[in-house]
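Dumping the structure here so I can ask a few things about it.
To keep things simple, chains are lettered A, B, C and D as they appear, and every chain counts its residues starting from 1.
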Amino acid sequence: MDVRREKELRDAEAAAEKNILLTSVEKFLNWGRVHSFWPCSFGLACCAIEMASSGDPRYDLSRFGYEVFQASPRQADLMIVAGTLTRKMAPIARRIYDQMPEPKWVIAMGNCACSGGPFADSYAVVPGADSIVPIDVYIPGCPPRPESLMFGMLHLKQKIQNPAKARLIKHVK
Amino acid sequence: MIIDGTQEYSVNMGPQHPSTHGVFRMVVHLDGEVVTNVEPKIGYLHRGLEKMAESRTYNQFVPYTDRLDYLAGPHNSLGYVQAVEKLMGIEVPERAEYLRVIFAELGRVASHLFMIASGSLDICGWTPWSYCTRDRERILDLFEMTAGNRMTLNYFRIGGVSHDVPDEFMPALKSFLDDMPEMIEEYYGIFFGNEIAQSRMKSVGILPKELAENLLITGANLRASGVQYDVRKAEPYGIYNRFNFNVPVLYGCDTYDRHFIRLLEIQESRKILQQALRDIPEGPVVAKVPKVIKPQVGKVYHRVENPKGEMGWYIVSNGTTKPARVRIRTGAFVNVQMLPAIVTGWKIQDLVTIFASMDLVLGEVDK
Amino acid sequence: MDALNNVFVNIAAYIRGLFADSHSLSADLTINIIVFLMLFLIMVVAALFLSLVERKFAHWVSQRSGPNRLGPHGWFQFIADAVKMLGKEDIYPANVDLFLFKIAPMMLVGITLMAFGVIPFGKGMVAINLDLGIFYFLAVSSISTLALLMAGWASNNKFSLLGGFRAVAQMISYEIPLLFSLLGVIMITQTFNLSSIIEAQKTIPFIFLQPLAFLIYLIAGIAETNRAPFDQVQGEQEIVAGPFTEYSGLRWGLFMLAEYGNVVATSAIAVSMFLGGWYGPGFLPGWLWFILKIWLVIFIMMWVRWTFVRMRVDHLMHFAWKILLPLSLANIFLTGLGIYIYQLFIPRIGG
Amino acid sequence: MFGNGLIKGLRITLKRFYGPNLTEYYPEVKPNLPPRTRSSMALEPEKCISCGLCVNICPNQVINLTSEKDGNNKRVLKTYHMNIGRCLLCGLCTQSCPTGALRLSQEFENAVYHREELLWDMIARSKRSNKPSGEEG
């Protein structure tokens, strides 16, 4: 399936759940989800080092409960595409995404993952991970600071708690 | 294949695996827990950097060099800008030379700290990892206050450096150097001196001297195998011949020594940094260079001692503003080939420590 | 203080009193169901809480603050984790052995819960007062090896299978020094009943009589619960997550639950065998002393966990068979000698 | 003696256990970034003379500007777009800027929900901000 279409469908699905009877159950589950994103330890390049730095004593991602990096994608909720996604790596990234259980989210960390970044015109690099996996939050930067990553994760938290908001921003623009 | 009634099987480790430090892939052939063979597969981070250099001017390529070995950005740029300066015959001001040495050595310390950190993490030492990254942050602070970024500095320019350091840099560096012995004591206490860690690493993954020389291993991995070879001493570049420092050598050839020599090198870097701090003169930080860098037709090879090994820059100029060909000889890429040579017969757990001790950065391996 | 001390015992007696015949089948059944639910609750809450304590401890050791968003100082973080896990998709990969794959986590939790049955949390506060209590505990907890092997085999993943094999090798090896280290205490008290063993420690906890045995028990116990430096089974850096690699969502949560439940059970046994169970200075009720002592043992376990690095598989085996086993045998011999000398002298002094 | 190292390690961790924690509480306490930090870009359109030096020096074709000539035959900036998703944040453009119109800023909270938002209209961004420096937010 086309990844853009996939992302739109996922966003619409998240927004539509507001109308259903189970809304308060969903809200409760979402409360749990937004307070414990467990990222898949999936680092590609420079940004992976900043991702690791965000767990160190100074920045301490764990204050939000987001620090439990899981080695197996089966136990992860969040994939942080941190670094340059090359053409050789792209199928593997997609497979890791497929292996993760629903509900799952993707953050593109760094310009390489957002849209190719410095290597956008290289023959070997996928210009933007959103042609491989549907991305929820883009964090520009080269590499983004650990605080930027935290801001991105808090941004994702807002999106999950209020899925309509993310769509709204797009339509207003 | 049947060996003594047991069957070999192969396991795929990577590209997404917690201990491959990025996107390295190994096809591991196992007999029970014992590794019989390893096939390294690289190229998952191949970004075509050498080709990209051909479509960028000499100045524009400088920021890209930081992304090669992203743990020690400054030293890559140092090799590149010195190669271009060699090609054009540019003299760099004194102060800029000292600043280059300071940043290159800080980058080396940061890289080695991260190597020790990830090496301990690979045998489940979370706490040493935290302590090493905690101290690495102080170096990144120094980088950020001067160059403006934590890892990808883009600080060196052809003919000097981009800015002079801010006023608070020198005191901060000095206090960092003063705290360093205490830090090293702590790493030793929690990681290197720990008997369990020693039993994990000592006499594991022996890389004999002859093999290391034959495989063209460079950098700290070679020095841990008993060869006293360092480009900073063998063919001093920049102003490295002015500093008084030793090249640490260990003769154990094992994983422990490959980790431990990094700790010794941090101490040597401290010596260099102290001398640089003492001797640094005032003055301009960038030489008069033409606005458009346009070297004459020719080629140049320049090598530097990157934290990961010997890094060589081969630049061919055809007289235009863009290089005709750039070839990068990276230490990590050559060091990959020692993995299958030394891992046979060890357990899958040792494979992880041996891999960590090689200190690969995939940005440098795949370019 | 007595009322506080016996509050749970009195509640049980009161419930029994509601029935016409306080020892009828229906009364026993009701009590048993309540006790089962209580134990289950204790295990779930303790395990969930422990998972957070583990994280907090890791952060304090590495000079961080740890989770601090939910509740006071982040102490409600584990609720969010549990809620999240409830809402996760449950994946069965293709080609798994579905029956074993599904049953393995439940089996592990069940076993852990069974082990909780004989732990005396206070005077008279034991679910099943077995005469062979400690024997039962060891027998039951050794079945967990099977559950891990089942999970490893059923996942149809090479990393899982390796983890399962490691589990078998490690847990069976460490079972033996674990068992032998407890024998010294049993020789002194001449009973397998955990409550009687605690009663015997009224004057002096056995840690002072059997320091070596306590050390061996602690080491073997850490190994039995698969914690660092003996966490070969799910050595994250080598074999991804060991037998749990393919599990997702709640099933994986059950594994974690059982793991932490096992930690609590192992430390509870350490407390009852060596640290004097519910005995302590009188200003706190006995069951609180018991819980505090459990936390003390858990603290030691975590301290070790976050300081040391993982041992190698073969060193682990050497350590069990060549060091711990001879030491525990020597301990048994010394205990026997001590008892013999004591019995030689006691009639003359006391008589 | 065997075990010395183990005990020393335990001592270090216990010391750190009771030691202070070093965490910077980010969302509550904003980090104090040095003025040279390169986290995003800011433009002051009034200062820009549309010389195009930044466009030329950029290694990765991030900047796209158009200008038109006004009555005095002076070039006036019309649009200024930065494809921040391609940016290296190397700072070469700001160094080349003769008037200091383009600046690096310390604004690091740049995460967005849609890729289209990574194409920054620098003039609109500078208008939206009420700070004189042109930083957003």
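Note that in this section a residue touches a chain if its C-beta (ideal position, glycine included) is under 8 Å from a C-beta of that chain, and two chains touch if they have at least 3 such contacts.
Chain labels with UniProt names: A = NADH-quinone oxidoreductase subunit B; B = NADH-quinone oxidoreductase subunit D; C = NADH-quinone oxidoreductase subunit H; D = NADH-quinone oxidoreductase subunit I.
Just so it is clear, the model here is predicted, and its values are computed rather than measured.
Seen from the C-alpha centroid of subunit B, the farthest chain centroid is that of C. Chain centres here are Cα means. That of subunit A falls 30 Å from that of subunit B.
Spacing of subunit B relative to subunit D, judged by their CA centroids, is 27 angstrom.
Chain centres here are Cα means. That of subunit B falls 45 Å from that of subunit C. Centre to centre, using the average C-alpha position, subunit C and subunit D are separated by 52 Å.
Residue numbers of subunit B whose C-beta contacts span two or more other chains: 17-18, 63-64, 127, 130-131, 134, 149, 152, 190, 194, 196. Counting only residues that touch two or more partner chains, subunit C has 59, 61-65, 236-237, 240, 306-308. Across the assembly, subunit A contributes 57-58, 60, 63, 71, 118, 121, 142, 145 as residues in contact with two or more other chains. Because contacts link each chain to all the remaining chains, their graph is best described as complete. For subunit B in complex with subunit A, the touching residues are 15-18, 22-23, 43-49, 51-52, 55, 63-64, 67, 70-71, 114, 130, 133-134, 136-137, 140, 149-152, 362-363.
Those residues of subunit A lying in contact with subunit B across their complex are 40-46, 48-50, 52-53, 56-58, 71, 73, 83-84, 86, 88-89, 92, 96, 118-119, 121-125, 142-143, 145. Of all residues in subunit D, only 2-6, 8-9, 11-13, 16, 22, 33-34, 36-38, 57-59, 88-92, 95, 104 touch subunit B in the complex they form.
Remark: subunit D residues 6, 9-10, 12-14, 16-17, 19-23, 25 touch subunit C in the complex.
Residues 55, 59, 62-70, 74, 77, 79-84, 86-91, 236-237, 240-241, 244-249, 252 of subunit C touch subunit A in their complex.
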